[in-house]
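Heads up, the next two complexes both have chain A, just with different partners, chain B and then chain C.
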Partner chain A sequence: MKRAGFSHRWLPILFLVPQLAIIFVFFYWPALHAIRSSFFLQDPFGFGENFVGLKNYTAMFKSAAYMRSAWFTVIFTVLVTVLSLSIALLLAVKADKVIRGAKTYRTLLMWAYAVAPPVAGVIGLVLFDQSWGPIKDFVALFGWDFRLGVNYFDTAFAMIFVSVWKQLPVNFIFFMSGLQSIPKSVREAALIDNRSASGRFWDVTFPLLAPTGFFLLITNITYALFDTFGIIDTIVKGKPGNNPMTLVYKVYVDGFRGNDLGGSSAQSVVLMILVLALTVFQFRLVERRIHYT
Partner chain B sequence: MAQVTLNNVRKVYPNGFEAVKPASFAINDGEFVVLVGPSGCGKSTMLRMIAGLEDISSGELNIGDRVVNDVDPADRDIAMVFQNYALYPHMTVAKNIGYGLKNRKIPADQIAAKVQEAATMLNLTEYLDRKPSQLSGGQRQRVAMGRAIVRDPSLFLFDEPLSNLDAKLRNQMRIEIKALQRRLGVTSVYVTHDQVEAMTMADRIIVMNGGVIEQIGTPSEVYHSPASTFVASFMGAPPMNLLNGHAAGGRVRVGDHDLHHHDQDRPLTVGIRPEDIVPDTTGPLQINVSLIEELGAHRLLHGTLQDQAITIHVGKDHPVTTGPIYAAVKPNAVSLFDVESGMRL
Partner chain C sequence: MTVSKRFRWSAVLDHSILIMGALLMILPVVMLLQMASTTDVHTMKNGPGLVFGDQLPLNFQKAMFKADGFTGANTGVRMLYNSMILGFGFAIGKIVVGMMAAYAIVYFRLRFATLAFWVIFTTLLLPLEVRILPSYEIVQKLGMLNTYQGLIIPLIASATATFFFRQFFRAIPEELVEAARIDGAGPIKFFVDILVPLSRTMIAAMFIIMFIYGWNQYLWPTMITTDEGMYTLVRGIKQITQVNEGTNLPEYGRSNLLSIIAILPPVLIVIFFQRWFVKGLTESDK
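What follows is the complex of A and B.
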């Protein structure tokens, strides 16, 4: 096979320059800057900085607020990931039963789900609205005086609820297509081999969904850790008060509201290491492959 | 082991298409029945109704002495081999073969013994720990067979199990499957559109066309006494010669040639197998040969009999040339069909 090539050695480099420049300016440079800042104590008004070594880090790990936020992040991430994966899987399996083969219906349903995510986040918040949110009214029937942004538990509940709500459609679509890609005849063979529907699910369907499931697990963890910033910001509105926050949001609050750039940089370095670990973990497992054929 | 009986079994798909018109027949205990017909004639639909993978729109299906219309596939005591084998990609060969047994709460040591036995029978012992993706097509085919036989079902169902294999392997597996079925004595329904498979494997052949059963009979009956012009032209390669003829005064004539006898005066279709026409310098038929197909063991002569296309099968030792030759028809080798309906007279 003939490979297309460039006549000049510098030409491909030239084409890569814009991309590399963007990555450098918006990723490596700020990252390096953050690493550097994490070793300094910044003057809040920008009049200089003092080298303080690891003091920002030790202060961070000693801070009760930081540890509280770290624990919340762990619980938040686990709950959002587990809930949005399992609910989406359940919905996909149910929907797959109904619409297997019915192509138009399937496509329509997919479209609705594909359009929904950005809208869903906003709608989710409206549901909890303090003055006219239907969910607030609904739980009030059971004597739950729901106080968004005031009560710690209630706020955490709303954050998790909306985050799950927003992620469901994406997971649903992936699980759906994962289910649809399982050959019909394999399911039929299972139908002959095993009379129990739940047995067939756990023995055949679920393992064959593992590649999809694993991919979603990683993306959902990443989502819960980082992409929920917008939702949390909409709820907390920059006023931390007694509210729960994830570590990512705390970086922003401490750095830009509290003007503690050094401390906030130290926090973001920790998060960078977390992302790095997650990425390595993902590549390792993808290499060990959970896919067949 | 079981007898299978269909009573006016019919399939209408949700879109209103009638894939199988009401069909009634019985398959005897231990019999090997082949369902054959062109693509889209409803063979798979019929088989899948027997398997329980497709609902039966009306009629009654019995396996053994049970009506099984509403019985789940897993409870019909059947095993099925699919065209693409349908192996579980995440399970090893041993797990694939044993999966059905595991679900029947059979103790693990018995499963292991049965899997081992089936693997030995199918020459799969060295592959038991592999995943299906690490096997060749022929080996996958064997695993699919293994999965079917370990269950000791009362009925085997096959849907074109050999069509993904190359010609050589297909011939070999054909013989192996047939021998295995003989040995186990399990009633079997085998779907194919390959008429060589149908002829060689079947105790009885069911020929389908457009959702209708055209004929049920032994391979020899179907071949030598086709029930319709469709069967005559579908079975056999090359197919039966179908010539326009006319019966008058007790004689059946094709062009100027006297071929057979028939009581009524009517037009009809005359069917003669290519090998039932033999070159004979004193024969009554004059055939103009235009093309000779060399097949090694024998040759096919294509030509015309008074403007009607005709094919003759001759042995390799017989000298042939293009141009006019004389031939005779073997006695009792002529089939007569109604011109309108195509039905055998």
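What follows is the complex of A and C.
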């Protein structure tokens, strides 16, 4: 609060009411409701519910389908994060270095930020189409018989490919702004000290980009967990079947389609705990964040 | 001689990497456009190719005015209209609500300011996706399924904009509000005549990020809107690809062109307001 702030009895309350009302109705109420439902077993026809304690949770962790989905989510998240971060870093370093056409490259590499995930999914469907998909044709040259939506591994590959593609612009933009905040004097000093470009990158640029990198790491994990929903839903065409699915997609499938409210709520609560842990981790990193400038 | 030569080779390498990256981002969308420029029969046989056809106007007409489903309400025009309402409604709603709350927290002596702060900022921790089912139930109880309110308001229930404006207001020098008070400005006058004009750039940057975020929403509209007249473009695409699945001659031209129309407004905003967009993105996410 500002020292010279206003004192007024009801005006600040009036200003806070819209935000607080929306938050209570559409945030706290549903979040608490999810936690409560996770301890109950609902009647599928809407006739009441029974308290079952932790049964929804134990059933969940014992379920082979849930554990398979959990493992897929872990592998998916790691691959999407690592691939999109490293490709974006390479492109950002090069775009920061070149003089000619720098602005054009920047625009060309960041516009796809605005592409909605389901549209990225549609692009995936075309690229990997069974009869004439360009990437499917290309990998066929190496004897890879690509079957999207049929083969578990192939479908996972397409999901990861599209998810990485969609996340590249975000990472590129943040790495670019990180690179541009490195002071010119530091760059010049590095140029004198170190003749080799790769040496300069690893000794000077990379450590200076570490705060951006940590921040992006959390952002990318959150993206892979939650924002890829539209990509996955489009690629499996709304028919998950035996296809790979992330935990968020499973919450939706079990709860919304399968009407297993208790089980789905238990899954939601596990995801909440996961996000909370990530955010706490992120806040601690931000606190310790080192500024060189 | 050797130095200059090595330098040039590294520049060639840099440009090749950048060109490959740019092609990776652009080619898929060019491919959608090419497929939308040929007849569906041609596409079904050959897939994407290198030659553009002359079917774009016809496919454009189908994309904008044709509908499928039972009611025939989900034409491209209707979905574009709904997307606009979602994008603008979400962005404006979020900025207005967020600015007001941030103003109350930063500029007023409030007994429960710290409590309000924590109550509001806890919402940053949990995305809508983890509480999607109970949120749906509540919207259903309130009778807001298939309404614009039901679509927009629950999406506003996270404090990103509030947090952003709080940081910005705190960085504004103390002297400003002191001077305004000495000149006799009350809290409302200070907010409307000084703080809002001062935040113009921030508002623009925030608006761009929020508009794109709202426009691109998928899961929430999929659950909340079952009435075809309420579909947004991003939500409606799924319906069309699913209809394509079941037919002998999928309408590739129409669905691909709709996909392009769905990404066009946000993409144009990113390209033409690049500076504000980058500012909004890099400063709001931290």
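Criterion: the second predicted complex is superposed on the first by the 257 of 293 C-alpha atoms of A that agree within 3 Å, B and C clash if a C-alpha of one lies under 4 Å from a C-alpha of the other, contacts with A are read in each partner's own complex, and residues count from 1 in each chain.
Throughout what follows, a contact is a pair of C-beta atoms (placed from the backbone, for glycine too) under 8 Å apart; a residue touches a chain by one contact, two chains touch by 3 or more.
Given the structure is predicted, the values throughout are model-derived calculations rather than measurements.
Asker: Which one hits more chain A residues, chain B or chain C?
Answerer: Comparing chain B with chain C, the partner touching more chain A residues is C.
Asker: Could you look at A:Val186 and tell me whether it touches chain B, chain C, both or neither (first, second, both, neither)?
Answerer: After superposing on A, A:Val186 lies in contact with chain B but is clear of chain C.
Asker: Once the shared chain is lined up, is A:Asn194 touching chain B (first), chain C (second), both, or neither of them?
Answerer: Only chain B; A:Asn194 stays clear of chain C.
Asker: Looking at A:Val204 after the superposition, I want to know if it touches chain B, chain C, both of them or none. Which is it: first, second, both, neither?
Answerer: Touch status of A:Val204: first partner only.
Asker: Once the structures are superposed on A, label A:Leu85 by its partner contacts, choosing first (chain B), second (chain C), both or neither.
Answerer: A:Leu85 contacts neither chain B nor chain C.
Asker: Taking the superposition as given, does A:Ala266 touch the first partner, chain B, the second, chain C, both, or neither?
Answerer: It touches nothing on chain B or chain C.
Asker: Once the structures are superposed on A, label A:Ala70 by its partner contacts, choosing first (chain B), second (chain C), both or neither.
Answerer: After superposing on A, A:Ala70 lies clear of both chain B and chain C.
Asker: In the complex of these two chains, what residues of chain B are touching chain A?
Answerer: Of all residues in chain B, those touching chain A are 51-53, 72-75, 78-80, 82-84, 86-90, 99-100, 103, 131, 133, 147.
Asker: Quick check: in the complex, which residue numbers of chain A touch chain C?
Answerer: The contact residues of chain A facing chain C are 1-8, 11-13, 15-16, 18-20, 22-23, 25-27, 29-31, 33-34, 37, 87, 90-91, 94-95, 97-98, 100-101, 105-119, 122-123, 125-127, 129, 131-134, 165, 168-170, 173-174, 177, 197, 215, 219, 222, 226, 229-230, 233-234, 237-238, 248, 251-252, 255-256, 261, 264-265, 268, 271-272, 275-276, 279, 286.
Asker: Taking the touch rule as given, give the residues of chain A at its contact with chain B in the complex, in rising order.
Answerer: Those in contact with chain B are residues 183, 185-186, 188-196, 199, 203-204, 207-208, 210, 292-293.
Asker: Can you list the chain C residues touching chain A in their complex?
Answerer: Chain C residues touching chain A: 10-11, 14-15, 17-18, 21-22, 24-26, 28-29, 31-32, 35, 46-48, 96-98, 100-101, 103-110, 113, 116, 119-120, 123-127, 129-138, 153-154, 156-159, 162, 170, 174, 177-178, 181, 186-188, 190, 212, 215-216, 218-219, 222-223, 234-235, 237-238, 241-242, 245, 255-256, 259, 262-263, 266-267, 269-271, 274, 277-278, 281-282, 285-286.
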